[in-house]
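Next, two complexes with subunit A in common: one pairs it with subunit B, the other with subunit C.
For the complex of A and B:
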């Protein structure tokens, strides 16, 4: 049971990071970024390129941070260069743009990294395993869970306890009034996109040693992140956290106990939430801790 | 080789495509009905005039999780065509290769096959992993008098007109040049018995679709005959193309089997192994469990095999053949990675076609018609390839191979290829392939 809990937490950690990025962007910009999975995939690919330089564990542990930062910068370029041009034209334009970018990113990735799947488990091998008494677990898996938890805490701190967070939340609540107070809302949008894409890219980098990447993984991850959003509630980070844990653990135990319907259970949860509480477990439109 | 029956699950991308297209239609207000796909019309049999070139169309994955299997097939076919063309072609005709990326649904693959047959007018269609894809394409090629050389799908009934009724015979233009799923599972079972006779507990992990189920059924049936005292654990069936195997790894670590048999292929296999190695369960990593599976996928993503002792039971060819070794060395040097199984598959199809054209040419003394090549292929007998000879079984259009399988050891001969087997066993076709028009489980039941 303990190994399956840890497995569930790993999956939940990654889901949380990706879904939180998506929910923050939705909460502030009211845009469902269909290309969000592409930033996750970008993170894996960039981390892979970084780890080509050396087998030094420090570099491999740093790779997700660098990958996240680069994904964030690309996210800003995407938002400032493309997405802002369709603000106010209706959700369909935003949907088509972000959706179309999935395929643009796919081809860019294919050109840069090729069509072959990639992976690099070096850091997992190097860190080895740790005995927790009742279970033996790769140390990297524990690291992944801890680092995701720390990031979640930092995110909460940023949004709730800092001035920047207050501005972001204010923009989420009413961008026009926030702007009237002298806040450059465009800057907030760009920052939000950076943050969201950083989280996706960082999560991707973290998963390089475990799953690697291939063209198409972006869509898989996007769908799971959307499920988390629906279950947790659009725009709610708390909801993303609870839904990620729920789905991660259910999936892990589902594999162990009901392997034939493991995915069905995950989607069943989503269906039940949609019926019982259509706005999600912690539904709301503003970014909330 | 690695893909068998069954429907692929991942239609989410298809869904997204539909979503996007639908939204675009709604936005632009220009939705129009799609043109119906042209019904394939029989292609007239070519005249005996020497063709300018022989066209071979290959459909296989060029991106995504199955690319590790598809890309080497595309690349190898290009290489073989270049080599043959440089030597004057096949019976004087140059070989032209036309590439198609395989879709996730059989209907996509059928459309690609129609395009190859009707528009490109190829002589041969090959590749096509996935028996459900392969079964769908077979009648298309047959109707168009175009060779379909199955080499990446594995069902022994792939050439049958009706997979449920062998009495209806085989398609005229469909041939199968590689080993079957039954062969793979039976080879694996023989390896346990011959090389690891002390095995007591056996675990299995296969993809959650028909190919995985077939492997489980064939292997289980064979083990029950060969090693009735062995304990077989319940199989694990992860979803195909799953990125995360950690829950399954935990199950295996808890069970601590002596032996794990897996038919996971492509990067499913590599991800599984990557996630399993840190637990030190496998022999060579600190444990004692033997893992038997498609180890050729492991270096396929550009990584040397880091641990000792990996059974590699599924390759047609032996590395000891110089010509074959040269192809593998070329591949690894050019692309920095090597997926040996896909390379071997394409070699089997290419050389079967080459042998048939040359045989028909020799018999006629002029360039043969496609019908004459077909007759020659059916009566080919021996099929010479860079890794030895296969035997064409006329009854069900299958090329059968004597196989070598064993434990991978380090490159002790300086070939730069991690594919030497030691110890190894050799199995004649009658030991690992079912008789014509018989499915694997029926055959094994009669052992």
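For the complex of A and C:
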């Protein structure tokens, strides 16, 4: 049981970080960022390049943060340089633009990091293992879950308890009125994209020792993050948390109990939720028809 | 004006007929482009005419392909005159079921739902190895038509060409009919259409089913033409995305836009991949540029400039 729970929680933590980024960007910009999986993959690759320098554990633990920051900056460049050109033309074009970026990133990654899968479990060995009652698990796995939880708490604090968070929430509620109050909405959009892409890149960096990366992981991660997004309710961070835990644990137990169809179960949950409650578990009333 | 436009297409039709003289590879590519053209046209029934973006259209393409593939694999039926109608029936059935769930939603929610449901079937096809062959897919060794074995890629190319023209003709009539016009009215203003007494859901479901039907035809012809199908090839979200990209490339505001897009896509991909260049990079930049600079696509732009729409 314990290994499944730990694996499920790892998976849930990563999904939560990626899907929260996706849901924040949707909440503020009304864009479903199809390139979000690419920012995750970018995070793994950048962390890999950073950890080439030395086997020092501190560097390996810092790598996800640096990877997240770089992914966030690329995110800002993407939003300011490309995405802002299609604002106001409808969500179709915003969606298709981010869809096109998946392919651009895919080949850019291939050019920089090659086509072979990469991985670096050094830090897992350095940190050793820890005994949890009946089971022995790598300490790094526990660290991953804890750091994701801390980040989730920080995010909540940023959005609910700080002035910046208030401005972000106000922009999500009504960009025009917020702008009338003297807030530079463009700045909020850029910040949101940084935050969302940072979370994806950071999650990617965290997974370097566990799964590593390969070309194609971007689309796999995107699809799972989309599942979390719609199951939890688009724009709801609370929903992302609940849905990540649900999907993470279902997938982890599914792999050990129904190894053949675990992914199908995940999609089935999504379809059922969407039929029963079209706006997702914690979604608003944004569904027409 | 209208009559002159038809003459513009005659040289193109003649070129399509003499394509096999260009060699097997050109025939193969053009056959693919025609099949994808049918699929992209069917997608555009939803995107261009109904205003709904399906990102899971490979589900119906794959349904057509797998209906044909499974009949051949398990029942050893290789006659095109049986395979095609069964594929159509299966795709229509699936489209009605999936449509009942999807058409209650619009915009991004519709898109998400199409992704979810297509992924569900993709995962099932992947995992139900005893039935579907899993990720190895299904091989198709021979196809018959009225007892006669299809001997060459060239011969099958002409069946595809015939299917293409029939599909094109039917879709043209459907979309020009009061039904097609009603769809466009709903797309432009759902509220106004509702006030005019139109049952929105019924029309959307009918559009969804029509779309699924032609995607199924395309899928079945694709499977038989290629002789090899796998879930990653015919059911994946990447394939769905390609149909969207073709439609966008050619122009979703134009009736023949998706066909222009499918030809552009297929030939560009073949040329760039064979030159060992980075196809995905070119493809991605192409989509991004189209979205930013020519959102109505190639044909949309041409029709706007030349006023031949």
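The rule we apply is simple: the second predicted complex is superposed on the first by the 284 of 289 C-alpha atoms of A that agree within 3 Å, B and C clash if a C-alpha of one lies under 4 Å from a C-alpha of the other, contacts with A are read in each partner's own complex, and residues count from 1 in each chain.
By definition in this document, a residue touches a chain if its C-beta (ideal position, glycine included) is under 8 Å from a C-beta of that chain, and two chains touch if they have at least 3 such contacts.
Keep in mind it's a predicted model, so treat the numbers as computed, not measured.
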| item | value |
| --- | --- |
| Touching partner for A:263 - first (subunit B), second (subunit C), both, neither | both |
| Partner chain in contact with A:110 - subunit B first, subunit C second, else both or neither | both |
| First (subunit B), second (subunit C), both or neither touched by A:57 | neither |
| Which superposed partner A:81 touches (first subunit B, second subunit C, both, neither) | neither |
| Which of subunit B and subunit C A:223 touches, first, second, both or neither | both |
| Which of subunit B and subunit C A:97 touches, first, second, both or neither | second |
| Which of subunit B and subunit C A:4 touches, first, second, both or neither | first |
| Which of subunit B and subunit C A:128 touches, first, second, both or neither | first |
| Set intersection of subunit A contacts, subunit C complex versus subunit B complex | 92-93, 95-96, 99-100, 102, 106, 110, 219, 223, 260, 263 |
| Residue ranges of subunit A in contact with subunit B within the complex | 3-4, 7, 10-11, 34, 92-93, 95-96, 99-100, 102, 106, 110, 115-121, 124-125, 127-129, 136, 138, 140-141, 207, 209-212, 214-217, 219-220, 223, 251-252, 255-256, 259-260, 262-263 |
| Complex contacts: residues of subunit C adjacent to subunit A | 53, 101, 103-109, 111-113, 115-117, 119-120, 123-124, 126-127, 129, 190, 200-201, 237-238, 241, 244-245, 248, 278-281, 283-288, 291-292, 295 |
| Residue numbers on subunit A that touch subunit C, as the complex places them | 32, 82, 85-86, 89, 91-93, 95-97, 99-108, 110-111, 219, 223, 226-227, 229-230, 234, 260-261, 263-264, 266-268, 270-271, 274-275, 278, 286-289 |
| Contact footprint of subunit A on subunit B as seen in their complex | 10, 12-13, 16, 19-20, 23-24, 26-27, 62-65, 67-68, 71, 208, 236-239, 241, 243-244, 246-248, 250-251, 253-254, 266-267, 270-271, 274-275, 277-280, 300-303, 306, 337 |
